[in-house]
Amino acid sequence: MDDFYRDFILDHYRNPRNQGHLDAPSASAEDLNPLCGDRIRMELDVRDGVIRDVRFSGQGCAISQASASMLTESIKGMRLEDAAKLSKDIVLENVGIGISPTRMKCAMLGLRVLKSAAIGEIAGWPDEE
Amino acid sequence: MIAFDEQTAQRVIADFPILARPTSRGKRLVYLDSAATSQKPNAVIDALDTYYREYNANIHRGVYEIAARATDEFEAARAKVARFINAQPQEIIWTRNATEAINLVAYSWGAHNLHAGDVILTTEIEHHSNLVPWQVLAERTGATLRFIPVDGRGELILDDIDRLLEGVKLLAITHVSNTLGTITPLERILPKARAAGATILVDGAQGAPHLPVDVRALDVDFYAFSGHKMLAPTGIGVLYGKRALLEAMPPFLAGGDMIRKVGYERTSFNDLPWKFEAGTSNIADAIGFGVAVEYLEALGMDWVRAHERDLLSYAFERLAPLEARGLAIYGPKDPARSSGVISFNFADIHAHDMASILDTEGICIRAGHHCTMPLMDKMGWSATARASFYVYNTAADVDALVEGLEKAARVFKL
Amino acid sequence: MIAFDEQTAQRVIADFPILARPTSRGKRLVYLDSAATSQKPNAVIDALDTYYREYNANIHRGVYEIAARATDEFEAARAKVARFINAQPQEIIWTRNATEAINLVAYSWGAHNLHAGDVILTTEIEHHSNLVPWQVLAERTGATLRFIPVDGRGELILDDIDRLLEGVKLLAITHVSNTLGTITPLERILPKARAAGATILVDGAQGAPHLPVDVRALDVDFYAFSGHKMLAPTGIGVLYGKRALLEAMPPFLAGGDMIRKVGYERTSFNDLPWKFEAGTSNIADAIGFGVAVEYLEALGMDWVRAHERDLLSYAFERLAPLEARGLAIYGPKDPARSSGVISFNFADIHAHDMASILDTEGICIRAGHHCTMPLMDKMGWSATARASFYVYNTAADVDALVEGLEKAARVFKL
Amino acid sequence: MDDFYRDFILDHYRNPRNQGHLDAPSASAEDLNPLCGDRIRMELDVRDGVIRDVRFSGQGCAISQASASMLTESIKGMRLEDAAKLSKDIVLENVGIGISPTRMKCAMLGLRVLKSAAIGEIAGWPDEE
């Protein structure tokens, strides 16, 4: 787990990309990981079925915040439909090695919120195990 | 320098088999999460084993030999726990945990004694288990909740206590904060509550394991605690209640064992304490609880308290140099006013990341809101890391924690 | 002649350490009280031991290694028990025992769905745990209780079932009578209850241990059972509830773990199943329950049922000659309609005297009202002796019982 | 325990002495042992502070019924005051050897009821252990 905190993770944690709010988001969602208290909000600017812009806000551990920050970079320009279908692999690819099973929920929080915003409903959460 | 009783501590460690088992990374287990649940000594584990291998049987109605032995040991355990807090055996109701004990009071006492407009006084530092049952009860009855406020150091503000106690029907207060270690000044609050006519419930989940407790001297009406936080197995807790109060209360759960005479239409209930114990009890774990308090009595609760105070003093001393590098320690930083809990955050390392990094070194701490979300919100903390001590911890564990923090600083390039 | 699977039976016996331990009089332990509580196999006892020696930790919020293992094993146990009765894990609520499971429904579902004038239908053969909670609820809500009557052989009289079901809001019925062994004809009653719009709770305390159970096939809304009667430790039970029903129900106990977000004034609750599990769970014993159902699955519930049927057949055969000398056997004397229970009285030997005399021979039976006082009153029995069977009993135990009865006859100079 | 059931015990069980009811008892009491269901009622005819006559009724095991039967014989002519103060020894002397601790409650039920009738209140139960 200690090898998880590589420079680029710490960089995303300390200098999150796309942090903040959109003036008029076309979709948004928020959730918290009740067991650790991490909280993330995602706002999307969608035009013609494509994610033109995205902002996230919230607080939490390096894993949840860095994962969310990286995720925002991955999805800009993505079709909303495809975002709704994202699997946890995108997060695992972004963050690389070293997440212990107990922390997987933290890593997936941003994705969970993004998908919630994208599909606009509760169904289809990413498998967190 | 702190004078540890190192000899006793080493003897205690040898009694806890889990502490001799290295982690999967080959590290020594440094268990600093006893406020969540304690480890168990051989004597307790063996008591379960003996029960199941030698005399497992249902109790109270059994004529045969092993049933008689099971009944005797079960009721002897109740007597041991009663003695441990200076109560009578009939005043000891077995529950699953402190949470169920508090809910029992909320349902049975609360539903019959609390009415619209009544006031429940509690504090801003309560564990959810001593808060949510009262929120639910207040909503059901139309009673209102009032809070004794907490200051920035995690201590209760008693300036307004007389006004806060006015017209209070129930005071529900913790003995010790599980998040901050604060020992609440019961000796200053309870006599006033008594004078104001309030019924008094103390959440002893963090009190009974760590401090000498005498429910008569405290003069509480109810005292709730959990075995698993004081060397006993999971699944067994206690509600202490003053006999007259318990006698007057209606049963909570209904079923086998808590009845005297049952007809299809009408039923009368059993004597204390069985009136509140419906269905087959957690026999084995109750017996284990008896062994656990014997273990604590043999150590002496004064020793337990002194040992934890020594650990806290030593920890504060060792952690002080890190404060300049961004370590923030919450709660009263005074071992005389605090039980064995240290809540902290280190620079911008989130508590969960801290816990994960310490885990790689075999160090077990808790991270999060510690079931005290409102307190966290009020203090403006999204999460804290918490190290908590018990009888089997030593200076070496504090040293390991400090080294773990140094490692975390390196990992996070502080 | 009955064809026992003697080989499997001997292998099973070897798994139960208590059965190898002679009584203080040097007799073999002949345990015939499994309807009160079952004995535990090594696998279950060892699971507790391993938990406490290797990975005891509080669950759900722990980041470190042993907490993760404890959480995984705890939730895996839930999944095992779910599979055992063909349910989903979210539909399995851990309770202390069947009694608490039934009370949970009475408090949470009952308080919100039952109103003055509503009818609860139950039967005349219920255990107090599936009767008294409904009496209490009826008294609290103004609902009324109605009973499916029992005939002299201990079987339910269904002639009037359609009329009895009219306007019924809740049907609370046992799967198996603990006093008589009667298997209730659920397949004939439940579809009618469903058609009548009733919510259905089955007390499975004597069902799940002895019969293959499929809650979906039965189409019950709630099914309550206890671990300790089916090889698991004391202190752990289960409420199965259909997901949609559980979702709609308010929480029962409030406190840690069952919340999502807590403020001083307002609180929201966790998802299923944790919404109903307040406070620290009985972690070790839940894990033990998982091991117990694995043990039963390995044997196969069809084997368990067949084995008990064989034992009953053999027992009826061996006991028949004693009937001429005053032995009265109660309940359906048909192994196809009865689970492994034989209730009896022998001439003028009172059940308690019988139990005492058998005890001197190492034979453990139960004597008394078996927590079914109204049934006893109706039948005109002040007490019965009850021998009950489980997986570890064999023909030799039946033989011992018969010899014990002969001895009792000699002692009482019959 | 099997050596408890000697001839005189079985005789008292099968042919209980002083069983039945008094026409006009001056004192009476009834209790049950809720765990085994044994039930005993005692009726006393008291004159000048002396128990002139006694009847018991009820149902239960040989231990409870024989103990009660023997007890009625022991107390006839006894001062009510002394009956109220009886200890469990009188029962143990009557029944002799062999009662196991689990059955002590059965043996003491009659005494408990007698004392209840005699002192007319709940206080002062015999120690059943």
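The letters A, B, C and D name the chains in turn, as written, and every chain counts its residues from 1.
Keep in mind that, in the parts below, a contact is a pair of C-beta atoms (placed from the backbone, for glycine too) under 8 Å apart; a residue touches a chain by one contact, two chains touch by 3 or more.
Just so we're clear, the structure is a prediction, and the values are computed from it rather than from any experiment.
Undergrad: Looking at A-B and B-D, which one has the bigger number of contacting C-beta pairs?
TA: A-B
Undergrad: Which chain has its C-alpha centroid at the greatest distance from the C-alpha centroid of chain C?
TA: The most distant chain relative to chain C turns out to be A.
Undergrad: Can you check how far apart chain C and chain D are, centre to centre, with Cα atoms defining each centre and the answer in Å?
TA: 37
Undergrad: Between chain B and chain D, tell me the centre distance in angstrom, where each centre is the average of that chain's C-alpha atoms.
TA: Chain B and chain D have C-alpha centres separated by 47 Å.
Undergrad: Approximately how many whole Å separate the CA-defined centres of chain B and chain C?
TA: The answer is 32 Å.
Undergrad: Two or more other chains touching the same residue: where does that happen in chain B?
TA: Within chain B, residues 61-64, 67, 259, 261, 352, 356, 359, 367-368, 373 contact more than one other chain.
Undergrad: Would you please write down the residue numbers of chain A that are in contact with two or more other chains?
TA: 35-36, 100, 102-103
Undergrad: Which two-chain combinations qualify as touching?
TA: A-B, A-C, B-C, B-D, C-D
Undergrad: Could you please specify the touching residues of chain C with respect to chain D in the complex?
TA: Answer in residue numbers: 348-353, 356-357, 359-360, 367-369, 373, 376, 382-383, 407, 411-413.
Undergrad: Any idea which chain A residues touch chain B in the complex?
TA: 1-2, 4-5, 7, 10, 14, 35-39, 59-63, 100, 102-103, 106
Undergrad: Any idea which chain A residues touch chain C in the complex?
TA: 32, 34-36, 100-103
Undergrad: Spell out the residues on chain C that touch chain A in their complex, using ranges where they run on.
TA: 60-64, 67-68, 71-72, 259-261, 270
Undergrad: Quick one: which bits of chain C touch chain B in the complex? Just the residue numbers, please.
TA: 17-18, 21, 23-24, 29, 33, 36-37, 39-40, 44-45, 48-49, 52-58, 61-67, 96-100, 102-103, 106-107, 124, 127-133, 135-136, 145, 147, 226, 228, 233-237, 251, 253-259, 261-267, 278-285, 352, 355-356, 358-359, 363-368, 371, 373-374, 377
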